[in-house]
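For reference, the structures are reproduced in the following blocks.
Next come two complexes, and both contain subunit A; in the first it sits with subunit B, in the second with subunit C.
On to the complex of A and B.
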C-alpha cells in the first residue's frame, strides 16, 4: 500500500522560502494565506543556543483530527493517505481549522477551507510536489514510506527524525530530520 | 409596519409598553412610544437581516474572523440562543412534564420562546457558515458520524421537531401528548446541548476546551438561561401586561424560579472556580495561557466584571439578599445572568483560539516557537474584533427574538389562555 510522506532535513533547510513561493505559484494560493511556510525556532538559552530551521506544511496525519471533525466528509483521505478537502462538499463550518493542532488550514476566499495537498495533482502524474522540486539544498524529499527504494524511506531508516506534537497521536507523515 | 403591528398589539398594550416606568396609560403619547419601541426592534431586526444577507453573499470577507480565530462572535451567539432554547425547554418541563404544579402556567410561553430562540439561533449559524444550504444536503447524503458537529446539528434538528410537536399539543390542550413530546424534547435537548459542549470538549488539540467538563457545564449554563428567561417572561410580561403589578397567581411561580436561578448560578460559579483552578494548577500548555487571558489578560474585564460580578455575585445578592421579596430585583437579577451568559459564551469561544497552537504572527519566515519558552506570559494573544456585519447580525438576532416573542405571544394569545 502506498503511504506518501515528506521529509524535511533541518540541517539542510536555510529557510530561503523558495518552497513557499513555489507553492503559492503552483496552487494559486490567495494573498494573505499560505499552504507552506518556513520557521526558525530558537532553542536553549545563552550561551548554549541553537537554531532549528525548517519548512512546514500540512502534516497529512494518519489519524487526522480534521477528518474526524468534518461533518460532511469534505476533509478526507485520498490515495496514499494524503489528506484533502473537497471544496464542493465543504460547508465552511471551520471545525477542521479549530481541530488541527498545527493550524495549517485557512478559509479560501471562494468559501471553502484549503491547505497543502502534497500537490496531489502532480503526484498523480508521477511528479514531486512543487516545494520539493525547487528546494535549492534538497532539504525536502517526497515519496512512498512503504517503498524501500524511496528516498523518504531511506532517510528515515538512516537519520534521526521527529514529528511535531507527537503527544497529539496524529501520526504525521511530515518528518523532520534532525 | 407600525400599522400592522398596532393591529396585532392593541392600543392599551402599546400604551403600557410606551409608558415604561410611569403608571401605564393608554394615552396618545404612550401609544406612540409603544409603536416606536416595536418599530425600533423591527428596524434593528431588519438591519440584522440585511447584514445576514451580506454575510451569506460575501462570506467570511465581511467577518472579523481570521485563520487563527475562525470561530467568532456569531458562533458564541448561536451557542447563546440554543443555550436559551435548551434551558427554557428543561426548566419549563418541571411543570407540564414532571408535574410540579407551580410551573404549569408558563408552559406555552416557555416552549414558544424556546422555538423562537432555536430558530433565531439556526439563522445566526447559517450566516456564519460559508455554505449553509450545502450543510443540509451533505448532513443527510454524506454524513460523518465521527464529527461532533454532525451530531449536534442532527440532534438539534430532532429537538426542533419535538418542541414544535410539544407546542402544537399544548395549544390543542392535549396534555397527555404534550407531556410525551415534552419528555422527548427534554431528552433531545440534553443530548443536543451536551453534544454542542462536545464540539469544544472533543477538541483534543486545545487543552483549555478538551475534557468531560464542557458538556456538563453547557447543560448547567442552559439551566441558568432557562430559569432567568422564565423570570423575565413573568416579570416583564406582568409589568407591561398587568399594569406594572405582579399577578398574584405568578407569585409562587416567581419564588420557585428565584430559588432555582440562585441554585443554577451557584452551580455555574462552582464550575468556574474549578475550571480556573485546574487551568492554572499544573501549568498545562494552552490551558494555563487561556485561563490567564481571563484572569489577568485581554479578557480581564469581560471575565471579572461580566462573568463574575454581574453574572454571579450581584444576581446572587439580589436573589438571596434582603431584596429577594421585590419582584423588580428578581427581574433585574434574571437580566444580568443573561447578559453574563452571552459574554461567557463569547469569552469561551474566542479565548480557546486566542492562544495560537503555532504562535506565529504570519506566514512565511517569521520567528516562532512551538512550545513557548514562557509559562504564563500573557502577551502575544491573537487579536479578534467582530466586524460591523457580525455586530449587526447579533443585535438583529436579539431584536428579532424579542419581537418574535412579543408579537407571537399576542397573535397566539398565549396570555389569555393561561393563568
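On to the complex of A and C.
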C-alpha cells in the first residue's frame, strides 16, 4: 500500500522560503494566506547557540483529527493517505481548524477551508510537490514510505528524525530530519 | 535648446502627477493570475525557457504560460546554474511581471507654470528628446562627460551606445559597492578574479571557511545548492561573522569576530599554517612568488596577537586553521561577494587569496576550479571608437574601471567643466539606494544637465530623471546571450514568454533606437534581436532552434582541474604573487596588512547590513509576491543590549547615525544571534517614494545611514561598515 510522506532535512533547510512561493504559484494560494511556511527556532545564549530551520505544512496525519472532526466529509483521506479538503463539500464551519493541533489551515476567501494537499494533482502525474521540486537545498523529499527504494524511506532508515507534537498521537507523515 | 529646468525636484509617477495620463495603477491589480479551480492541474499553452533577472546570477527558468499570462516559474532542469531549482526571488518573478506599479509609458519631465510634472509621451518624442539632450551635452563637454550606470545583462547594449558616442565613463555598483576589491585582490595574487559565478568547487570541498559570507540568506541559487551538497556529504564549515547567520548555524565552528578585524584572523591562520608546517609545501614551492617575505611578515601574527584584535580565542584560531589544513587541497576560504566593508578590502581579499594558496587549492578538486566558457562569435559590427578616457580621472592606482561613487563627485564639480560629468544614462540601477549616502547621490543628480533612466519600475532614481523609458521585464524580452564561465561551458537565451506590457520596450530596442536618433545606427547593424542572436549562433555553428526549445546549450566539458605540479598564472611573475610588486610600485603595501577599525563612540553601534533570501536590494521591495513573505526589514540587536536600553522585541525604533542622519521606524529583532557592539539590517528597505504602493516606508534604509565611506586605496571601493548608529523608541506622530 502506498503511504505518501515528506521529509524535511533541518541540516540543509536554510528557510529561504522558495517552497512557500512555489506553493503559492502552483496552488494559486490567495494573498495573505499560505499552505507552507518556514520556522526558525533559536536556542542557547551568545555565543553558544543553535538554530533549528525547517519548512512546515500539513502533517497529513494517519490519524487526522480534522478528518474526524469534519461533519460533512469534506476533509478526507485520498490516495496514499494524503489528507485533502473537498471545497464542494466544505461548509466553512471551521471544526477542522479547531481540531488541527498544527494550525495548518486557513479560510479561503471563496468560503472553504484550504491547506496543503502534497500537490496531489502533481503526485498523480508522477511529479513531486512544487515545494520539493523548487527546493534549492534539496532539504525536502517526497515519496512512498512503504517503498524501500524511496528517498523518504531511506532517509528515515538512516537519519535521526522527529515529528511535531507526537503527544497528540496523530501519526504525522511529515518528518523532520535532525 | 530644451526648455530650461531650474533644479529638478523629485517627481512621483502616479495618476495625479501625470498630465492627461491614465491612472497608472487602474485595472492592473487583476493582472496577477486569478485562482484556478482548487488543485486542478493547469495545462500550460506553452512553457518558455529563458533566464532570470530577479538577481544577476542568470539561472535558467521555465515560464509556464496560459492565455498569455505567466502563472508559474520553475528552474530549468537543463540549465547548469539552476538544475531544475530556483531561489525564492526567481520563483516570485511573477510579482515583477505583474507589479501594478510598473512603468508603462515613456515620461518626460516638463513644467506647467511653477510646477514640474511628468508628461506621458510617445516613444518617438521620448527618444528624439533624449538624443537631442545627449548630443547637446556631448557637443558642449565631450562624450566623457556622459556617464552610464549599468546593472544587469541588458546593460551591454547601452555600453555599446555610449562607446559609439565616444564615451567611456561606464560604472557599475557591482564594482565599487560590491565585489570589486575581491576581484582586484585575486587579480593581484593569481592574475585572475574569481568571477561571477565564483570558480569555487564547493560540492567537492571537505572544509569551507566563510568570512562574512551569509549564503542561505544571500541566495544565489547555484551557490546555495552547492553549499547544501557539501553539507549533505559532511563537509566541515567554519563561519566567521559577528552574527550567528544561517550558515553559521550549519557550521561546526562559529567565530563571532569583532567587526573589521578579519584580516588579523587571516594573517593568524597563515601564521599557524606556516609555523606549524601545515601548508601545501610542494604547491607553494612550485607556484608562489614571495613566500619568504610573506612568512617573515606573518611571523609575529600569532593567534595570541590576533586574539587582542578579533576577540577570538587563540585555541579556536589554531583549531580552525588546522581543520582547513587537514582537508587541503579540498578546502578553501570563501572569497565572499559583497566585500566593501572597511576600506582595506583589497588587502583582506589578498589575504584570503594567499591563505588559499597555502592550502594549495588552485585548480584542485574541492578548491578553485578552472572555469570554462562557450566561445560564441560576436555579431560583425564596426569597431567602436577608443574614447579619450573616463571621468572622473583615475585616482586609484590599480583600479580597472572608474568608480560609481566618484561619478557622483564629478557630477557636482560646479565651475570645473573639464572634470565634470554632465549627464547620466541609468540602466536598471536605483542609484540613490545602491550607492552609499542617498542624500549625496540626490544632490549629484540635481546638479546634472540631463538624466535618462531605463527601468521597469518607478524608483528613487526615476524620480530625479528628465526622461523615464519603460523597459520590458526579463519575461517579455530578448537579451544578449549568456556565456557565464562555469564548470561546464554553456550558452543560454533570454526570450519573451509573454507579450510586452503597456508600451514597454526591450532594452536592445531602446539602445538601438537611440543610436539611430544619434546617427550611430551603424554600430547596431542588425535588424532586431532575433537577427542579432541568430547570426551569432549561426557563425558559431549552434542551433537557434535548439536554444529556443531548451533555453540552454551545454558544450563539451574540458578538464576543470590542473594536476600538474607547476601551473602558469597571468601575473607579471607568472606565479601566485604573495609579494606584489605591482602594489609596491604603486606605493601600496606589497604584503597584506591589517588595519584596526575605528571604534564606535559611546552609545553607538556599528551598522552592518546584508541580505534577505527573498529580496534583491531595493529591486524587489515592491514585488507583491516577495513582499508578502518578507514585508519589511528588522533591526537585529543583542538581547543584553536591548535589556540595557529597555527595548523589547517588536518595538519600533528610529536610527540616527554619527552625522545626525535618521531613518526608520524599523522593528527590533532582539536576539542572541549578534554581538553587542553592532546592529544589523537587511538592505533595500526604507523606500521613500509613495509611487511604490506596497514598498513605501517599510523598515529602514542603510543606504541613507552610510554617510561615511572609507575608500579602498587600491581600487576605490567604498567601505561601508564604518558608520555608527544610535537608536531611540519611535513615537507615532
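Some notes on this structure:
Keep this in mind: the second predicted complex is superposed on the first by the 173 of 178 C-alpha atoms of A that agree within 3 Å, B and C clash if a C-alpha of one lies under 4 Å from a C-alpha of the other, contacts with A are read in each partner's own complex, and residues count from 1 in each chain.
Everything that follows uses one rule, which is that a contact is a pair of C-beta atoms (placed from the backbone, for glycine too) under 8 Å apart; a residue touches a chain by one contact, two chains touch by 3 or more.
Everything numeric here is computed off the predicted structure, so don't read it as measured data.
With both structures placed on the common chain, the touch criterion links A:20 to subunit B and to subunit C.
Look at A:28: by the touch rule set out above, it reaches subunit C but stays clear of subunit B.
Contacts of A:42 after superposition: both subunit B and subunit C are touched.
Of the two partner chains, subunit B is the only one touched by A:93; subunit C is not. By the touch criterion defined above, A:166 lies against neither subunit B nor subunit C after alignment on the C-alpha atoms of chain A.
When the two structures are aligned on the shared chain, A:137 is found in touch with subunit C, with no touch to subunit B.
On subunit A, the surface patch touched by subunit B in one complex and by subunit C in the other comprises residues 15, 17, 20, 42, 112. Of all residues in subunit A, those touching subunit B in their complex are 15, 17, 20, 33-34, 37-42, 65, 68-74, 89-95, 97-103, 105-107, 109, 111-112, 164-165, 168. Contact residues on subunit C toward subunit A in their complex (touch as defined above): 33-36, 38-41, 71-75, 84-88, 91-92, 94, 216-217, 219, 221, 224-225, 228-229, 231-232, 244, 246-247, 249-250, 254, 256, 613-614, 624-626, 628-630, 638-640, 671-675. Considering their complex, residues 9, 11-12, 14-18, 20-22, 24-28, 30-32, 42, 44-47, 49-51, 53, 84, 87, 110, 112, 114, 117, 119-122, 125, 130, 133-139 of subunit A touch subunit C.
Partner subunit A is touched in their complex by these residues of subunit B: 59-61, 65, 67-68, 70-71, 129-132, 134-135, 138-139, 142-144, 146-150, 153, 199, 203-206, 353, 356-358, 360, 363-370.
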